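Heads up, there are several structures right after this.
Two complexes are shown next, each including subunit A; its partner changes from subunit B in the first to subunit C in the second.
Moving on, here comes the complex of A and B:
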């Protein structure tokens, strides 16, 4: 893996709603107008009345700046990290969708997700499309199709607890799970096998032969 | 889920308590002519396990206490809410609006614009002084300087040691230091060398990339080209803006986030003609000459070699 020199960068762009609510009550923005661009920074944007919940570390990988490469070095592939937080879907169910697209090219993954019959697939597809946009606009990726899913995983998010009644004044807990979905797109051609493939006939045969050859019969002549 | 049920057969039709079963079931049995007109029971398979009497369903639904789940991705979807919608949403959640006396931030040590910007003559930097064209240009510049001289006089009211001739050299030092700070990403030094208006413009292009810049040579000596004085709000609060012309040799290489060359070259030197505006808050005793902005003429070249961007052609 490449060495990550993490730097502290301030959050890029403030939520459009936050800026708007300021404008509602004040007479316009600051005099020294800073050039802002509203980037879809999921999880880092909050409404004025909301506390910022959720993970913050994953998008920080996008701020890492690598030193200039020498001429004999192989061209470093670009990557972009993106996430969607607090999706109303179970993390255990989302795991299937996240595992499904690992190692696929972006186009393939988006196409496949359109036909996966799960609620989480829609969210993952949205995240992939946003990540693709970010890669082209901000991270100097020339071709939007020249990306593949290098990392794709999900974690548990906010759990809202509710109750349900049972017979005889008994109470049961109902948990409403949310999940966070993280993806890292890397520039280049996807690897031939991300997951270890099923061994083919000749490989299996060779393994069997090797096992048999290494067999020892103890106590024999 | 397959269930077995006993079904009462009446007459020649397969009748159940709910007639929809006739079409939903997997095990539809064709009427046998021998049994027509007689009642009997047979076992039939059904695909659905839905209860034939859903009277307990609403009671089961009521057992779960409904919870209003907040939409965590509401803000992230960046819907442009109107002010009324924002107010309504905040009211729903029972949040009071922000205090009405929110101060509007404004800067007192720099202006927000370049006043009466200098218009550089077309073809500047292309003709040499010796040629007819070049000589005419330099002559024109001297004659149009009346307002500039007045501005200099005003500056001398506050700063007796000020001399227009010596200012250009001083200005170039600041200009070079700014570029050095940008390439080293030294924000602390940059704060002092650059006004509040220019700071975001300079730093926005510093982020997420490495800039390798070298100053090689001065082609033409820097000279003051334009000067104006303005007062902001009060007559005594005077700001001075001086435009200097720099014609230098520089090399610039910009590497993107991943260390790949995105623009320019470390080896190739380029002739750079720039009109840089310096500002000083004269009324402030601690005011300094700082870079306030650049004048980019309309005839400036726009065909910069950058890394390729590929677009999809619309059909």
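Moving on, here comes the complex of A and C:
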């Protein structure tokens, strides 16, 4: 879990939004006593086929309660984490759809996904619409359009193995892949560049000049 | 799909299904290396006399095997990146956003430029399906040798003009639908055009088109 990697107890308030939420989680904040562990299951043992399979950590970020901000600090934007687990689609194919919508506003992402000719696009669009609803109903977001895709990624889910025939009585293994899709919507206007943009001509030229100027010819006078 | 379902069934059937699956795979692939050793490559018979190998032992002979389905070389970073992202000029694998999306004036949904609005088209498909069902219900599968007229409730109520289908036509097959005429299905669409097999016939005259009056769309 991220909390193991980014354990910054004294510095809660510094760092990115997500680092802060992870800090709160790792510090054993109020989330630990959250619904997931407080449901009493005395007398009822979940049968193997009743257990909810798949990742559970991602929606826990929604129940993080941050400490109050000081007046100097910038207002922390609202966010909502949502996921769809065990989608019957290859994670390597889903990656293209997940990476496509990063940094887009929610409306733009939903519109563009309607015209993407991939099976995974339907699932991602559904997840976005659900997340939008959750944001407005539960997470104090005023306008459903005032959201952008801050994080969008997918991981491998259940793999069901099957058998197929080959020629000459040989047998082959068939793998039916599933994937999990995770999305985080943040309130506000999307940034101009989600990734660092390509440097423009003058910047590249200056870099080249600097490289040439720092060049040293060894063995010369 | 069938293979996927059987695989799912296998997985869910037994309580210790994972153990069962392991046993199954062991049955199918009982060999330690995973492949039957007997199927060696049958090379061409050598005409030369066999060269005596002084250090040839049983273990060496076993090691001189044929290697199945194994990578010959490490995939270079260029190969890997090309497989994942494609080549910009020829086949870019990343999804490109579309900038040719417009808003339909009729329904408000988005559609791609130079394509039909999907929402509107689906509505016409629904209406066509309804007409076809009612035609099948009334006339069955017998051949239709006369013109088919679709009559809506609003057609019966409105004042008859040149293009509104008449009820008492004997040379026409009439299909009645218990609903109002949709706004996109103008009666002008059913008027006969002059283009036909016999253009030299002069006694056939086309009716003048009636100007379409835009009404408020009914809910």
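Just so we're on the same page, the second predicted complex is superposed on the first by the 163 of 221 C-alpha atoms of A that agree within 3 Å, B and C clash if a C-alpha of one lies under 4 Å from a C-alpha of the other, contacts with A are read in each partner's own complex, and residues count from 1 in each chain.
Everything that follows uses one rule, which is that a contact is a pair of C-beta atoms (placed from the backbone, for glycine too) under 8 Å apart; a residue touches a chain by one contact, two chains touch by 3 or more.
Being a predicted model, the structure only gives us computed values, none of them experimental.
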Check your understanding: Does the superposition put A:69 against subunit B (first), subunit C (second), both, or neither?
Key -> first
Exercise for review: Determine, under the contact definition given at the top, whether A:111 touches first (subunit B), second (subunit C), both, or neither.
Suggested key: second
Practice item. Using the touch definition from the top, say if A:176 reaches subunit B (first), subunit C (second), both or neither. Key: both
**Study point:** Greater residue coverage of subunit A in the superposed arrangement, subunit B or subunit C
**Key:** B
Practice item. Report for A:189: first if it touches subunit B alone, second if subunit C alone, otherwise both or neither. Key: neither
Point to revise | Partner chain(s) touched by A:159 [first = subunit B, second = subunit C, both, neither] | key: neither
Review point. Touch check for A:205: first (subunit B), second (subunit C), both, or neither?
Key: neither
Review point. In the superposed arrangement, does A:100 touch subunit B (first), subunit C (second), both or neither?
Key: second
Review point. Is A:78 contacted by the first partner subunit B, the second partner subunit C, both or neither?
Key: first
Point to revise | Doubly contacted residues of subunit A, that is, touched by subunit B and again by subunit C | key: 48-49, 160, 162-164, 174, 176
Point to revise | Interface residues, subunit A side, partner subunit B - complex | key: 9, 12, 15-17, 20-28, 30-35, 38, 40-43, 45-50, 53-54, 62-69, 75-78, 84-88, 136, 138-140, 142-143, 157-158, 160, 162-166, 174, 176, 178
Check your understanding: What part of subunit B is in contact with subunit A in the complex they form?
Key -> 63-67, 69, 72-76, 78-81, 83, 86-87, 89-90, 93, 95, 97-98, 100, 102, 104-107, 110, 112, 196-197, 200-201, 204, 207-210, 212, 253, 255-262, 307-310
Practice item. Flag every residue of subunit C that touches subunit A in the complex, lowest number first. Key: 3-4, 6-8, 10-12, 15, 21, 25, 28-29, 93-95, 97-98, 101, 110, 112
Review point. Which positions of subunit A touch subunit C when the two form their complex?
Key: 48-49, 96-97, 99-100, 111-112, 114-116, 118, 160-164, 171, 173-174, 176
